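One chain, chain A, appears in both complexes that follow, with chain B as partner in the first and chain C in the second.
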Partner chain A sequence: MKNWGEIFLGILTAMGGFVEVGELVFSVNSGAKFGYRLLWVVALGTVGIIAFCEMAGRVAAVKGQPVFNLIRERAGLNAGLVTLVAANLVNLLTCTAEIGGIALLWQLLSGWPYRWLALAALVFLLVAVWVLSFQWIERFFGLFGLLMCTYLAAAYYLKPDWGEVAAGFVPSVPHLGSSSEYLLYAYFVVAIFSSVLLPYETYFYASGAIEDGWTPGDVTLNRIISIVGSVLGSLLAVALVVCGAEVFRPRHLEPQLPGAAALAVSMTLGRGGLLAAIGGMFFAFAGAAIETALSGAYNLAQFLGWPWGKFRPARTAARFSLTWIITFVLAALVIMTGVDPVSVVEYSIVFSVVILPFTYFPVLVIAGDRRVMGEEHVNGWFAEAVGWFFLVAVTLAALLAVPLLIATRGGQG
Partner chain B sequence: MHKRARSWSSWLAVAILLLILGAGGASLAGSQKSQSDRHSLKNEVSGLKSQAGVGRLVAEQALAGNLTRTYVEAQAVQMRKGVEQTRDELTPEEFEPELSTQVMQAADLARRLDGALNTLKDAGADGRAAESARNNLSGLFAELSELEEGLKE
Partner chain C sequence: MKDDFLDFVRQVLDHEVVDSNNLPCGMVDDLELSGEPGGELKVTALLVGPGAWTRRLPSGFEGLAAWVFGTRQTRVPWSEVESVTERVKLRSEAEALGLGRADRRASKLLEGVPGSG
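The block that comes next holds the complex of A and B.
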């Protein structure tokens, strides 16, 4: 069994999914718009991401196969190619938003010009991924990303009505004033659900398991890591919703900038809390940027059969290394044109839901195939039932995402 | 199993392409729409109101000593960027003709909000500037809320 330090793979994966720049603003805004009424979506999505990360990690540990190998094998070349293009577009958009988010945060600390800081963020990310091994990337960004726990402390000190918070975990449709508000609520349900189940989390997690050299003996560790990481990410998302509901909702505000979300922490924990929150957001955004850039490279290399992995020297996995470098550079170039990072990631979240069924179907089929996984590691009835339930749920979400995006004018209502 | 999965996947691939093309088409059609309606104007005003409210909160927190000087300055700069973008979109030609009075009013409030956020930049270092910014932004928040209410259908 591997070192328990591998828990940071789960933490980093979850940070990149639950508290990246778009999800952060989305969670705070969902609290500001609907109070605690969307917490059940976070909980539902968390069960889904635990189920699929566990399956993808188990397949990686038992068969040594990452997700895009499975997609190519089970979905075929044409459908696999569509998924690859869409997945890597989502990765690029998300990476773009994270670099923009880092630049915004650094500006709050330094006051320097945004574009120069975006360039500095690009250099920082390139150096970090080039110099650090995969294990040190996990530990460094996973550990310091825990500074995001200041939001948990802030949520506690804001003294919410815990009964109301608990009621938010029961699925319900609130009484709203107009049909446009119902549409907006539905848009938030789909967007939060898909943002918790972002496909790159599974690509990164399964590839990370192979980077870390997992074997069939690590199946139990995989289960623990996927649960701990996702529950932690989910708790942080809940804390952000509480901050939105307690600080911004009573004032009728919808903050659009990550720095504004940190106000909820400064109100309860003062200046030190503010700096810790900004630090936590920086490590979470940087972790998400690395997760998406590496996922893009993993996907392409696995689909085309190139040598891949941070565990290989760059010269023996040259095309893989070049792909993550190009992803970072393209993302930085896009953000330097001045586009709003939060808008970019909101679109990427909605489009990512469209490829979710394609990502999760092959994982579910392989993890449930007795001939491939063997009696010992095949899905049990519970994992199968949960997997199929979420496959239906993500397919429904995929069908609704784009019409809702249009009907709500990009979530504006 | 492989054959069935592939057939399922092919249908899904077609669905994905149609959804993406549909979204692209709808976005294009939306961007070519000549004039925005009352609802769009209400959304713009709501966004400005939110900026004014967040600005007021920044000023209050600066007065309470919970923020750093650089944070206040940079947050004001970032918020101004959003306000300037909205202000540039608030021209009567962009909206239906019967909304021209409200559009002009919103544009004026956006200009004043931009000015108030410019004052907010100094609020981290100067208590009087923070006080003045807070009062200005409170007033603007109230005016924008009133305009937003008036635009509700």
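The block that comes next holds the complex of A and C.
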């Protein structure tokens, strides 16, 4: 069994999914708009992402096959290619938003021009991924991303009504004033559900398991890592909802900037807390940018059979290396046009739900195939039941996502 | 499914190809068959490269994909296949079979960059 330092793969994966710039704004906003009434969606999504990361990690450990290998093999060339194009578009959009988020944070601290800071963020990310091994990327961004735990402390010190918080975990439809508010609530349900189940988390996690050289002996470690990482990410998302509900809802404010979330921390923990929160956001956004850029390269390489992986010298996996470099550069160029990073990520989250069924179906089929996985590692009845339940749920969400996006004018109500 | 039965569509097509050093060198993008009606049908080669897979796309997308990825394809004789598991493993190195050329060209772009290996 590998070193327990592998836990940082789970933490970095979850940071990139649960507290990236879009999820951060969505979580705080859902607290500001609906209080605690959407917490059940975070909890439901968390069970789903644990189930699929665990399955993808198990297949990677047992058979050495990452997600886009499985998609090509099981969904076939045509459906697989559609999934690849959509997945990499989502990766690019999310990477764009994260670079924008980093530039916004640095601007908050320095007051320097946004576009130059976006360029500096690009240089930082290129150097970090080029210089650091995969294991050091996991440790560095996973460990410092834990500064986001400042939000857990802030949520505690905001002294929410814990009974009300607990009630939010029970699925319910609140009594709202108009049909447009019900549509907005439905839009937030789908958006938060898909933002927790972001497909690139699974791509990155399974590819990371192969980067880390997992073997069938690491199946138990995989289960623990996928649970610990996702539960931590989920707790941070819940803390952000609490911050939104306690700080912004009473003041009838709808925060649209990622930095606004730090206000809750500065109110409760002072200057030191504020700096830790901004530091945490920086490492979480940078981690998400790296996760999405590498995921784009993993996906393309695995679908087309190129040599891939940070464990290989860059020149041995040349097209893989060039792909993540180009992803970063394109993302930075888009953000330097002045586009709003939060709008970009809101669209990318909604569109990512459309590809979720194509991503999760092959993983579920392979993990449940006795001939492929063997008696010891095939899905048990519980994993199979949970997997199919969530496949139906993501398919429903996929069907509803775009109509709700249009009906609510992108969540504006 | 019997153990001595190979389902080429499920077990070979769209599977990763690795060379004798286990280096990925493409996917089984298509299969070359030979035979006559009424006679024995044999798989004679794997076809690897965009020239093979773009032909399998719906007609409207074939040209676009060929424009983006090119039309090159490499024929790997079936006799070069050592084993078929999750991957199709070859007996020789990728370079000897004409596979992995695009990566070797791309690696020249990274030449001289410190840490490129």
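Everything that follows uses one rule, which is that the second predicted complex is superposed on the first by the 413 of 413 C-alpha atoms of A that agree within 3 Å, B and C clash if a C-alpha of one lies under 4 Å from a C-alpha of the other, contacts with A are read in each partner's own complex, and residues count from 1 in each chain.
Heads up, the rule we're going with is that contacts are C-beta pairs under 8 Å (C-beta built on N, C-alpha and C of every residue); 3 or more make two chains touch, one makes a residue touch a chain.
Quick caveat: nothing in here was measured; it's all calculated off a predicted structure.
With both complexes brought onto chain A, simultaneous placement of chain B and chain C is permitted, the two fitting side by side without a clash.
Once chain A of one complex is fitted onto chain A of the other, the partner contacts of A:G259 are limited to chain B, with no touch recorded for chain C. After overlaying the two complexes on the shared chain, residue contacts for A:L405 are found with chain B alone; chain C is out of touch. Here chain B and chain C are compared by how many residues of chain A each touches, and B touches more. In the superposition on chain A, A:A245 contacts neither chain B nor chain C. When the shared chain is aligned, chain B comes close enough to touch A:D369, but chain C does not.
By the document's definition of touching, neither partner reaches A:I7: not chain B, not chain C.
Of the two partner chains placed by superposition, A:A206 touches none, neither chain B nor chain C.
In the superposed model, A:F358 lies in contact with chain B only, and not with chain C. When the two structures are aligned on the shared chain, A:P307 is found in touch with chain C, with no touch to chain B. Legend: residue contacts after superposition of the two complexes on their common chain; A:N78 is shown touching both chain B and chain C. Once both complexes are placed on a shared chain A, the shortest Cα to Cα gap between chain B and chain C comes to 6 Å. Common to the chain B-facing and chain C-facing surfaces of chain A are residues 76, 78, 80. Interface of chain A with chain C (complex): residues 63-65, 69, 72-73, 76-78, 80-81, 130-131, 301-308, 312-319, 321-322, 371-372. Against chain A, in their complex, chain C makes its touches with residues 1, 14-17, 23-27, 29, 48, 53, 56-58, 65, 86, 100, 102-104, 106-107, 109-111, 113, 115-117.
On chain B, the positions that touch chain A within their shared complex are 1-2, 5-6, 8-10, 12-13, 15-17, 19-20, 22-23, 26-27, 30, 39-40, 43, 46-47, 49-51, 53-54, 57-58, 61, 65-68, 70-71, 73-75, 77-79, 82, 145.
By the touch criterion stated above, chain A contacts chain B in their complex at residues 74-76, 78-80, 82-83, 86, 104, 107-111, 114, 180, 247, 251-257, 259-260, 263, 266-267, 270-271, 274-275, 278, 340, 351, 354-355, 357-358, 361-362, 365, 369, 398-399, 401-402, 405-406, 409, 412-413.
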